[in-house]
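One chain, subunit A, links the two complexes that follow: it is found with subunit B in the first and with subunit C in the second.
Let's turn to the complex of A and B:
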């Protein structure tokens, strides 16, 4: 191949501002991904809304038999994603049940049957399966397959992937960025996926490049994951349109806007989408799901979840059926330690704390972090000393303290004027604040107050 | 705000309670057992992300500043002995006491020992002359904390640097005491020894009271420039001879004004600890240097060398400890640079053209009043452009 190493791999990418939280990846970083098999008789809860967009309506009824991969909910809306059964079993009921979002969401409860198929393969591609062997699949077919497979962004936001990849004449896409940064502390699911199953992931990326009509795919990995970098590098050496970008470890590098800025130097306009600058960002897990959907029409009913933190007895990485109960998963990991204090749905920077454990794992659940007492910092809020650290570290270059004060005073106009809408809720401002002011809470409530106000205006 | 913090559960904070109506039922401790299995029996803590935070706290920031002040305090005590202790302790008692009293009377959470009152006390004390009567130091401290800080709403809400307000008040009321300078004790002793050795009947008492500060000398030099051939004419050369002693702190002046070296050490400590950023100190020193150099080039017969200005008076103290007060300087880096340039320029303007030999206090207070405007003018540009402006 004529392509030299220096063109294939570039390093030192970074974005401005942001923070350097401790990585704490050692709990689970070296643990191989373990496939979880649900025992017969246990239950899975498949919420009909696991994504951004219209919720699905159930396509099955109570007492109906379902098989692995069968669609149990779908929607005609453009921005939506169908949901599938992860097991062979019987539908027990369809009822509003607790959901990680905090509300109750209509969910399909399935009792796991006695006979389950062999676990699906996921580490290695079938023999002779390359992008060339899928040559006859058109862009439209790929997008359609992705839509039917119910694939959503697995990094956390859970935006339907098919919607991102649909070709748009006005906004051509030239680059697909594969987000392998995993900048959240503790979490290692993408890292393990890149080490153990990079083949399917890279095929997924190539398929995404084809679907979107892009010219190239770039895999972005932070420099604290050398194993992943090595594995991926070996595999892309001979693939023409793939490149590797090594980013300097910093939070929130995995944020779409930051990653695009770091790797390509482009700035996504406020209120716009990566599409506006010709980029689509997909997560490592998503890419892998795309590959399997295209190879064998396998829908997205499993995902890789890191269970980690000092509050869990046996941390590790698991391939989990979507819909498995959080409590079952924690139990599988030996349960919580005596000093476990907080269970987070995601990593410590962005993951909300779970108030209860009877919640299902969703397509967008990248990890469960259980913090022990020692890891939980009790912080007393004191007055803002105007130190400006929140301003200096906000990756969006906002003035968080000003916005928070405005929200506190219910001065929504000022808050909007200071671009509250641009906030990506990364938490950097709150992380650095020496006065321990929960700035992000004010920002979030400010956003919801503005949304409510707009709704009122509309309904009038 | 502060009342809520008295609640027994420390995770409860004002934001959750006051502002988030849609989450009104979010309790802090939740989830009693539903199933019997061990996992479910845990009581979980619920709070908002991020769940990790930086180890720095505001209290720590303040005490780091206190540590940064230690070299200057030690030097002050070495130079002025008991007098300095009296002034500094009076300020400490005055500042911390006032804040304590205010909180008790207003039934607010006690913040007297959060470090900020101590910083104010030390900076005020170090900017006072050693001969100041202790009760005046206390009056200045009370004014600094009560009027400049607590009335505005306590830490973080004040517009003006409390220590500088206290000093301005003393200046206005007790101008004479505020401008009486003595030579440091070791220097005085040395002069006395020399005088005795030369069998000169030098009245050290008088010498002690009338010793002008280097900057007063410089000012005198500016005035004297117009005099012709007078025996006691103060020339820039005489002033320049003071640079070395300025750096090490062997001249007369306020408690902390005398040694640029100590402020440099303290300032570097703060920079290394990242308690302060380089923006304000560099801007202050840089702009002062530029203006002093211009003046020196224009008329070297009248104005002293730029280094005299950098090392003398409160400029170092101002650059690292006074102008950097986070509360009263702008939020953004650009704002801080503009603020620092303004302080440096005003200091030089007052020193070279104004009626006072030293201009730090007024320069800082003036720029403090500009801070809200600067905050608006130097607002950082949102990445991706502002929605509001479109």
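Let's turn to the complex of A and C:
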């Protein structure tokens, strides 16, 4: 071994505040990832807006034949990401359809054709494939490949990855953090990816380091995933610029501001970006997608989704075509149990509830959590008792109760003065509130009211 | 005893001196103020003051101006604004006309109308919702009720109404036209833009009590009464009704009961045409 263990691996990282919800990962953490193949004749719905930024416009027409990986929507905007067909098939229509956001979004509906190619490989790298053996991997080329592949942050926020990795002379990046914390309860997709397919993921991280012109990559994993830590540790031993950071399990460690603070001790300024402190954080799934994009120009049309919770008959982890219907996926898992109560798009801390099941899986859908009747508690909001627990637990050092009161009174100026915009919507405040005030809902609606107001001013 | 001792210590001369000083200071200020008044006086139009005196003084902002005094100035400058004061109504128009010395043109009052007619029992397939019980917050949650356009029934409009004119009846905002003055506070409060201000050229007035822009199949999946966009009314009475994105819209410029108008109302296959106003009645025939 070229370097000592202590340089390669460090442990005990943590951040201030946050909460310790039960992990509940046992539903799916031991289940190997299963590749899903859609039957001929079924439909996929590929929304033209699956990311933060400008929506795409369709590049195909109805009745047109499409093949796996063909671009079906693109945009010229800088902050955007093209979308691709996950199957061979025929475009049925391009219409506004229900979207997990609640609005209707223009989507490309594709009928799955009879002949499908073999499922793409994703667990193992091709033989003798290392970062040095890959061609066309200058910094600009990697960023360009990532942009064309439509890769967005797979942790949930779905921010176009290429935008993050573009080199900025004023703000040089020294470290890329690979976020393998998966602090959200229930979800295990990143954990399984790290256990089963760490090779491509680490190659993706190396490519990101190269693209951003950074010196090193650090893989951050929480200490409740020892098997993932073991797998990754074995693989990074011989890679010089990669390190492993073992974090103490705590929510929301996977938030990029918290992770940077925990691992590097740097504080991202309010209103600033990780770039301001020389860091870019990418998700485990995103890193894997970067690797395949650079190896064989494979666009981002599949992702790993955990389907879990007490309300689902056969929980597990699946490699799902982006655009597969939620109802089809739930059916594949044996369907809902009789006492299923709530379907969440994501984990229980941040995932919004689905009001209908005819929604597509997006690039940013990391999991589906189905809660049973026993797990869903309906609470009535009572008056704030000013205990300050939300303030004690807010990882951003905000005063959630004060902001929520201001939003309730529609006093948006006060809400802005108290840095509403800095809220990452992690939900810790709502989790700890003894008065059961849906603080996070008030904060979210305050944000949208401010956005709407700004738009109104702009349009005037 | 005390009084005598006190008198002994007070110097009468000082008291008189102080009084005289104050008097002089007072006179100097009187002089300054009277010169300032004469030199810097702002000419105020007496008619504006007279109009302001008859205005209700609610400062509701319903006229679209900052308050009653701003409206008084505006109405003196532009007589066309006479009917804009909701709370004052018809009586006020006559009073202002008398002050301005002009003939009061007959104008109809503006009132709030709610473009949703679905009571709790009409909303079908809605999901359970356990979040904050206000419309502004509920609007953030996808599928807070089946219909993405209709009244959520949490009463942000009722809370915003200064005149107590909106009541939540069976999960639906319902305007009490005896109290509504058309100030428009509810229009601002509704996050789904369901409430508009309409001129009640007739009372009762026909409204389309639906805002759904969805197609037939979807509307039927979540509502028993909403407009399905069949276009029958626009076909039968094209002068009165238009279709905009699967929704019937009444042209209030040409509003007036006629034979074809009544026929269109009668033939509407859904229960989304309502007569509202003080003299509420139902033209709708029993199906």
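Throughout what follows, the second predicted complex is superposed on the first by the 456 of 460 C-alpha atoms of A that agree within 3 Å, B and C clash if a C-alpha of one lies under 4 Å from a C-alpha of the other, contacts with A are read in each partner's own complex, and residues count from 1 in each chain.
Going forward, a contact is a pair of C-beta atoms (placed from the backbone, for glycine too) under 8 Å apart; a residue touches a chain by one contact, two chains touch by 3 or more.
As the structure is a prediction and not an experimental result, all values here were calculated from the model.
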item: First (subunit B), second (subunit C), both or neither touched by A:432; value: first
item: Partner chain(s) touched by A:61 [first = subunit B, second = subunit C, both, neither]; value: neither
item: Partner chain(s) touched by A:356 [first = subunit B, second = subunit C, both, neither]; value: both
item: Touched partner set for A:296, first subunit B, second subunit C, both or neither; value: neither
item: Touched partner set for A:101, first subunit B, second subunit C, both or neither; value: second
item: Partner chain(s) touched by A:402 [first = subunit B, second = subunit C, both, neither]; value: first
item: Touched partner set for A:339, first subunit B, second subunit C, both or neither; value: neither
item: Which of subunit B and subunit C A:442 touches, first, second, both or neither; value: both
item: Which of subunit B and subunit C A:379 touches, first, second, both or neither; value: both
item: Which partner reaches more residues of subunit A (counting touched residues only), subunit B or subunit C; value: B
item: Contact residues common to both interfaces of subunit A (with subunit B and with subunit C); value: 102, 352-356, 378-379, 381, 408, 438, 441-442, 444-445, 448
item: Footprint of subunit C on subunit A - complex, ascending; value: 100-103, 352-356, 378-379, 381, 408, 410, 438, 441-442, 444-445, 448-449
item: For the subunit A and subunit B complex, residues of the former touching the latter; value: 19, 21-22, 102, 185, 257, 261, 267-272, 327, 330-331, 335-336, 340-344, 346, 348-358, 369, 371, 375-388, 391-392, 395-399, 401-402, 407-408, 416-419, 421-422, 427, 430-438, 440-442, 444-445, 448
item: Subunit A partner contacts - residues on subunit B that touch it in the complex; value: 1-2, 5, 10-11, 13-16, 18-20, 22-23, 26, 30-31, 34-35, 37-40, 42, 44-54, 56-61, 111, 114, 116, 154-157, 277, 326-333, 336, 375, 379-388
item: Residues of subunit C that touch subunit A when the two form their complex; value: 127, 130-134, 136-137, 139-144, 148
